[in-house]
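You will see subunit A twice below: alongside subunit B first, and alongside subunit C after that.
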Partner chain A sequence: MGEMEQLRKEADSLKDQITAARKAVQDTTLQEAAAGVTVVGRVQMKTRKTLRGHLAKIYAMHWGTDSTLCVSASQDGKLIVWDSITTNKVNAIPLKSSWVMTCAYAPSGNLVACGGLDNMCSIYNLKGKDGNVKVMRELAAHTGYLSCCRFLSDSEIITSSGDCTCVLWDIETGTQKTVFAGHQGDCMSLAVSPDFKFFISGACDFTAKLWDIREGQCRQTFGGHESDINAIGFFPNGNAVITGSDDATCKLYDLRADQELITYQDSSIMCGVTSLAPSLSGRLLLAGYDDFNVNIWDALKAERVGVLAGHDNRVSCIGVSSDGMACCTGSWDSFLKIWN
Partner chain B sequence: MSGSSNIVAMKKVVQQLRLEAGINRVKVSQAAADLQQFCLQHAQQDPLLTGMSSSNNPFRPQAVCSFL
Partner chain C sequence: MPVINVEDLTEKDKAQMEVSQLRNEVKLERWLTSKCCEEIKDYIQAGVEEDILVKGIPEEKNPFKEKGGCVVC
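Let's turn to the complex of A and B:
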């Protein structure tokens, strides 16, 4: 038998081993385990604020850690930092490349980042001495579009790219610290664990991967989706991962049981999931869809308990503030809405 | 030569699968119970779940009426 053939056999055998090991701990399902829990009552939220100012599709938004400021990115070529309570624009940053696909707010509040079809992640200093917001660093090395970025601190950021890799960067030196390779398709989204030790990535190979940031290794791979994963997030306790896909479903994977526990789907929902965010306790899962709506799911019972309808085009991004007080949606209709 | 680079790539795939196969797994009953417990424990501190009065809602300040 040739070496290649031998390796293929070994790979298949290991995949069967993983499937068997997962089945061996499947002594129940989340559905059964949560049978005694009552479904959450109908959740109704209202639009409390509409943030107007972008002139084209909004592709991304991210809350600052103070739960008041948030940043949004639009293909009108601007990053806008908003005070979500007053609706004032704190900063309006013109971008070199208008083809932006992602943005992020540093936990410190000092920096924001963005990137897109320019294959770069540009870091902006909001607290420069003369009050002007300038590009602080341009992180260039990806050979594909920048789909997502998230700061670990003011000195480190993780990016995901259409080149199928994720990268941990040193912002001071502008260099790659670690390249996380393994996905067989464009990486579309990433999320950092609450303890900052791990991150998860969702890709066009229909899988989600859990990465150990310091070891630089993929620890676990989760399959089951039947199309691209566009959105990913951690359940607030850091022990589970939620994904949203073009296959019109969201899935919850438990990291310690190493398997999918439940799927959030409805026969009436036939369009892709673009974005998702859990509420503070994890009980509610808010997911944005291509059909202009956000569906609110009871995360334990997998039942739809509410809808946020108010945008006139695809909901492209969603985020729940750190204090859990509000949800922000961004849309191709050029508006952001704050709901609670 | 593309033949040998395919073998190198395949060896990496096998190595990664070995790593993933070797992790410890917790029973689903335990994992599900922990998720439920987290949700229930934090339910009261989840404003989107419990709702809030307008006086507690920073996005909806209570209108102040004054007698003229």
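Let's turn to the complex of A and C:
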């Protein structure tokens, strides 16, 4: 037997063992466990603000930790920092490359980052001495597009890429600290755990991976989706992961049981999930789809309890503010909307 | 921390990495799903009353309330 064949056989055998180990602890489903819980009443949110100013498709948005400021990225070649309450543009940052796919706000509020088809993650200092927003660092090493980025602090950021890897960067020196390799398809999205010790990535190999940031290792791999995972997020307590896929479903995986607990799907939904965000308590899962809508799911009952309909094109990004007060959607129609 | 150049990996390297990874994952200690589901339910129930997107918020308290029109008194 050739070496490759031997390795493949061993991989298959190990995968079977993992499947069996997961089954062995599966003494209930979330649906069964929540059978006694009443479905949340119909959720009807209104558009409270519309943020107008981008001139092309919006690809990403991220709330600042103050729950008021947020940053958005559009292929009009601009990053805009908005005051979501007044709808004023606090900063409008012109980008070197307009092919932007992601943006992030640092927890401190001092920095924003973005990247895309330029394969780079550009860091901008919002609090420069002369008031001008300038590029502070260009993090270049990925050999594929930048799909997502998230700050750990003002000195570290994690990126995911079409080159199938995620990277932890030292912003000060502009160098890679750790390369997280293992996905067998483009990495599309990432999310950092509430305690900043782990991050999760979703990829075009249909799996999600949990990574230990300091150890540099993949701890767990979650399968089950039948197509690319485009969106990923932590359940608010940090012990479960939610994914959204081109297979039109979202899934909740528990980290301690190492398996899927529930799937959010409906036979009437046939288009891909582009983005997702849980509400503050985790009771609601808001998910953006290719059909221009956001579906609101009761996370315990896997029933659709509301829809946010208001965009005239694909909803590409969604975020719930850290105080849980509002949800922001960004769309290819060039607008952001604030809902609650 | 080793910085791997993914471009330099051969098919065999990748297959070996996969097997190595699976060997680690198979050792994981897994909790009963019943325990995990209880924790999720408890976490949600502890926070749901304060979850604005679930419960709503009175207009006066909503920081995003739409600006009213002019009122002539």
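Keep this in mind: the second predicted complex is superposed on the first by the 336 of 340 C-alpha atoms of A that agree within 3 Å, B and C clash if a C-alpha of one lies under 4 Å from a C-alpha of the other, contacts with A are read in each partner's own complex, and residues count from 1 in each chain.
Following the convention adopted for this analysis, a contact is a pair of C-beta atoms (placed from the backbone, for glycine too) under 8 Å apart; a residue touches a chain by one contact, two chains touch by 3 or more.
These numbers were taken from a predicted model, which means no experiment stands behind them.
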Which of subunit B and subunit C A:Q176 touches, first, second, both or neither: second
Subunit B versus subunit C as contact partner of A:D258, first or second or both or neither: both
Which superposed partner A:S155 touches (first subunit B, second subunit C, both, neither): neither
Subunit A positions touched by subunit B in one structure and by subunit C in the second: 3-4, 7-8, 10-11, 14-15, 17-18, 21-22, 24-30, 33-34, 37, 40, 43, 45, 48-49, 68, 84-85, 182, 217-221, 235-237, 239-240, 254, 256-259, 261, 279-284, 299-300, 320, 324-327, 338, 340
Complex contacts: residues of subunit B adjacent to subunit A: 6-7, 10-11, 13-14, 16-21, 23, 25-36, 38-43, 45-49, 52, 57-60
Of subunit A, residues touching subunit C in the complex: 3-4, 7-8, 10-11, 14-15, 17-18, 21-22, 24-30, 32-34, 37, 40, 43, 45, 48-49, 68, 84-85, 143, 163-165, 176-179, 181-182, 184, 216-221, 235-237, 239-240, 254, 256-259, 261, 279-284, 286, 299-300, 320, 324-327, 338, 340
Of all residues in subunit C, those that touch subunit A in their complex: 1-7, 9, 11-12, 14-19, 21-26, 28, 30-41, 43-44, 46-48, 50-54, 56-57, 62-66
Parts of subunit A lying in touch with subunit B, wherever the complex brings them together: 3-4, 7-8, 10-11, 14-15, 17-18, 21-22, 24-30, 33-34, 37, 40, 43, 45, 48-49, 68, 84-85, 182, 217-221, 235-237, 239-240, 254, 256-259, 261, 279-284, 299-300, 320, 323-327, 338, 340
